[in-house]
Amino acid sequence: MNLQLDWSFFTWDLFTNFVIKGFYFSVQLTAIATIGGVFFGTLLALMRLSGNKWLMTPATIYVNGMRSIPLVMVILWFFLLVPLLIGKQIGAEASAIITFIAFESAFFSEIMRAGIQSIPRGQVFAGQALGMTYSQNMRLVVLPQAFRNMLPVLLMQTIVLFQDTSLVYAIGAYDMLKGFETAGKNYGRPIEAYLAAAVTYFVLCYSLSTLVKHLHKKIAVIR
Amino acid sequence: MIDVINVSKWYGNIQVLTDCSTHIEKGEVVVVCGPSGSGKSTLIKTINALEPFQKGEVFVDGVAVHDPKTDLPKLRSRVGMVFQHFELFPHLSVTENLTIAQIKVLGRNATDAKERGLKMLDRVGLTAHKDKYPGQLSGGQQQRVAIARALSMDPIVMLFDEPTSALDPEMVGEVLEVMTSLAHEGMTMMCVTHEMGFAKQVSTRVIFMDVGGKLLEDCSKEDFFGHPEARQPRTREFLDKILAH
Amino acid sequence: MSWDWQVFCQDNISQEVVTGCFGKGGDVTYLDWMLSAWGWTVSVALLALLVALLFGTVVGVLRTLPDSRFWLRLGNAWVELFRNIPLLVQIFIWYHVIPAFFPAMKALPGFVLVVFALGFFTSARIAEQVRSGIMTLPRGQRMAGMALGFSTFQCYRYVLLPMAFRIIIPPLTSETMNVFKNSSVAFAVSVAELTLFAMQAQEETSRGVEIYLAVTALYVLSALANNRIMAFIEKRLRVPGMVAAAGGGH
Amino acid sequence: EGTLDKIKNSGSAALGVRESSGLGYTLGNGKYVGFHTEMGERILADIQKELGLDKLEIKYQPITSQNRVPLIVNGTIDLECGSTTNNRARQKDADFAITTYVEAVRIAVRADSSIKDLKDLNGKTIVTTTGTTSVQTLRKNKRAENLSFREIMGKDHSDSFLMLESGRADAFVMDGSILAANIAKSKSPQNYKILDETLSLEPIACMLRKNDPDFKKAVDDSIKRQIADGSLLELYNKWFMQPIPPTGVNLNMPLSAATKEAWDNPNNKPMEEYDAQ
Amino acid sequence: MIDVINVSKWYGNIQVLTDCSTHIEKGEVVVVCGPSGSGKSTLIKTINALEPFQKGEVFVDGVAVHDPKTDLPKLRSRVGMVFQHFELFPHLSVTENLTIAQIKVLGRNATDAKERGLKMLDRVGLTAHKDKYPGQLSGGQQQRVAIARALSMDPIVMLFDEPTSALDPEMVGEVLEVMTSLAHEGMTMMCVTHEMGFAKQVSTRVIFMDVGGKLLEDCSKEDFFGHPEARQPRTREFLDKILAH
């Protein structure tokens, strides 16, 4: 074994200088994109399930298009094209947030669509039979159940999203992985930096998924 | 109270209701039976417009169900419906199941809704379970809650779609009991069921449907059970089969 | 910025436009290069998918075995390990850290390592899907298989997996699309695939927009082809008379 | 609206900087340093004076080799002082200030290596970094000298250096300043050496938006001022001849003849004209 | 043929079988009934080791089911089992359903297996459907295929777990008919069912279980139905409920 690790550079200062800022950004981006993605994703899912051609077709094209382009390309395109379209510059951070919401909406819409379809048709009938309108039925009966059913899958996508925030390197934004990388480069210790990143990501993502599993057990629909 | 006039329905090319007509008076208890896939569920669902149909007319308490201008949610809120698989909302407690539609649809305030809901829960004998979730109840209990939920909307008519066929045999009785007492109180009811005991005991009329959604019989229970010779061959064959074992 | 699509016909050394757009006699135009990069992308993705399906199925099955704590734990550990660390970091570890412990691995080209890294990463997700596919099958199916005298292996082979795979084809389609997209990390270990091509070619030609557009189009094309193939498989495997494969009802 | 007006109206300028290159890097926490980074700050200070602004806020925007040209074109950054080679292709999209540093593409090997010049690379594995002009340089030399070697590419410079360090590659071909920086920061700098041979020369200059002659003149004037009063040489020595943060290593890279030549005859010739020499 | 001796089983702290003992002779037809959750399915599944148990012994044709050294797949291949929800393999055609276990488990060649399978299919009257898939059959037909599948393994005993309770009422008859003819041919059978008509007609013995997995009754059908006064109160209550409607 010829791997000598040198952790001497790995001080608290380094953490506060390089990693924390990226961590905040990653978390912020993940949180905003998850909330926005679930919201718009649900709308897209409802459009796709509406049975109305004028709603279904654009939603389907949007979702399938977004899902077939690598995220890093979406980020780049968004960053390059939107200023040309609106004739005004938007910052890397804002651009990243908008891109992630737009991109994640496509993924969350697929998840929510499966979730909505997993609710037995009888539930919809029951809501209707009680006199609920379409939107009441969705809000009070279908979506709460769909959301509970889909929580584990939503979680998995959120973990992917948290890891994918590293792709913002393409437009010069700064996330947690970038923090570790930059530190590793400037101190000439990339292996140590990557190992630290692996451990940090693992601990964060694993805790997150454990947390959500507990939450899911709590709010899961008792059948 | 309910008028079904020449209703036909197709799924694509397949006809599932053929020229169905019937009339139900206030206080009548009508049992609908027939082989699987004959369109019993479809027929009963046309009455509160859960199933749209292409031809014919349905009136409930004078309201034209087939009219696109009719406020369907409002109509449905006045027609109680009970399903084969209960369809309680599993993410809501029993009390919430009983009150949510009263509050969101009828606009009752939470206190009134709860009072009304608990009264109906008491009627089906389940007050003790008011804070449980549907998943924590047995099938028979769930179905009784479902009946209470429908009743708490103060319906003018109750529709039942095979309310006991998903139940363990021991629990069938407790649900039929609630239905029987409802009938005795004068509730207008339309029930899809194969419980011939119930039909014999409480129904005023029996409708028999055959595949393709045809109403083969529509007569009083006395005629239906008392004069087999006057029935169609298909009806007799069906009755023989289900009464045999 | 103005368009300049001629850039693809340029020779990648002299930067001169070649007639016919394809290089002759060992010369390479950017178009040649891009097409070969596409080939690498497809190769990495397909091989990684193979690895992922193999390991994902095994691990997914391990996590559904009745009463066997050990295998369950092992399966869970596998999934958690490979899905909670960013792919890029995993690749780095495969390439730089693990060979330090096993020097023999240094001889392996980046291509092989990336196939395994991407394959294992994806296998965690496929294992999840396989597991949930098996779990959605009615419990009675396993019972029925066992009651007929099938061994556990036979039960999975003939009864559970054929149905589970049919059920999970839609999420599996998404996953195969992800593998194509994720294969872009292969650039990190010097596999000349599309992303590496894009980064390098745009630097050399300064026609970033044209290069990225073309590369995006190739990714979309790959995804589309992938989607059609999966739809074809789904159709071929569709069981007559079965509606809502996901085992709705009881 | 010219860039000068934009700076005047907004009271701020966006400076494109590098996060980890020989000429500019970050200390973390939003702090960017290095020879070209500091030079860029001085240029902006001169512009502030010229515009008569009390205050000029510098917005640092870290850039990468993939996004720097689009960022200049779409107006995210006003001036980029990182380590961008001035070449003809880029000149179609952007303008360059006068050359302030002439980079020599060179070869780094392990100290105990038998490789002495380009020809010794025959049959060896060579690493270089994706998205750099060195890849092209290497490819040209390969054909010109009729060599056959295996070429691998690191994701970034530290990755490439790691391949040299771990023995996956026998040589690392890259800009001299980057080689020097990576060696200096490594665990044991004495284990590596940079060969004397120069594969090509590349002029490095600040980049700015095309067709903005007023802004270009202001930038060029400031650089000329810095050359003339010796402050640029001082700055050079600060970053290349003295210990630098964060670890306090000394790169020990005296000013090259080519750079000196560029300072003495301010110009913005693209890389292609250097090749011809 | 089958010996169940003091079998007890727990899920965690909950006891689901309590000291169950019974003995079944070759050719006997035993009906097991009791309320939901009383452990009927669990008991019947211990016999072919689909449910492990912590205490007691089970012997089938002299083979010790509880012995860890027993080759369970081999044992199971000799015990036929029919489930409430049929559990045909939906991705295989009817013929494939009938032959797969013969080929893979018993090692028969494809021709023999097919011959045997089709013979059994004929026995349940479904030869015409041999190339269909389970999803294309009605519930009653699926259950009959499931019986044929079990029979084609040449079982020494057949276990039935509520074989008719998931069926439409009209189809119950056709399945019971097949079971009845099997019984008349002398097949050893153990049936969990609430079809009291079937029990009265063909069973030789009736077992009644109560919650907690206790065998409250284990007597001849004449005693069970003919002497209600000799039965436990819980048994009488149960019989009253399910015979009432």
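First chain written, first letter: the chains are A, B, C, D and E, and each begins at residue 1.
In this text, a contact is a pair of C-beta atoms (placed from the backbone, for glycine too) under 8 Å apart; a residue touches a chain by one contact, two chains touch by 3 or more.
What you see is a predicted model; the values in this text were computed from it and never measured.
Looking at chain C and chain D, the chains that touch each of them are A. Path length between chain A and chain C in the touching-chain graph (shortest route): 1.
Taking each chain's centre as the average of its CA atoms, chain A and chain B sit 45 Å apart. Note on chain placement: the centre of chain B and the centre of chain C lie 51 Å apart, centres being C-alpha means.
Annotation for chain E: no residues touch two or more other chains. Multi-chain contact residues of chain D (touching two or more other chains) are listed as 66, 70, 159, 162.
The set of chain C residues touching two or more other chains comprises 92, 96, 100, 209.
The complete set of chain-chain contacts reads A-B, A-C, A-D, B-E, C-D, C-E. On the side of chain C, the complex with chain E involves touching residues 67, 138, 140-141, 143-151, 154, 158-159, 162-163, 166, 237, 239-243, 250. Contact residues on chain D toward chain A in their complex (touch as defined above): 19-20, 25-31, 61-64, 66-67, 70-71, 74-76, 156-159, 161-162, 182, 185-187, 246-247.
The touching residues of chain B, counted against chain A in their complex, run 45, 48, 50, 73-81, 83-85, 87-91, 100-101, 104-106, 133-136, 149-150, 153. Of all the residues in chain C, the ones that touch chain D in their complex are 1, 12-13, 15, 92, 96, 99-100, 106, 110, 187-190, 196, 199-200, 202-209.
Note for the complex: chain E touches chain B at residues 35-36, 138-139, 165, 168-173, 176, 194-195, 197-198, 238, 241-242, 244-245.
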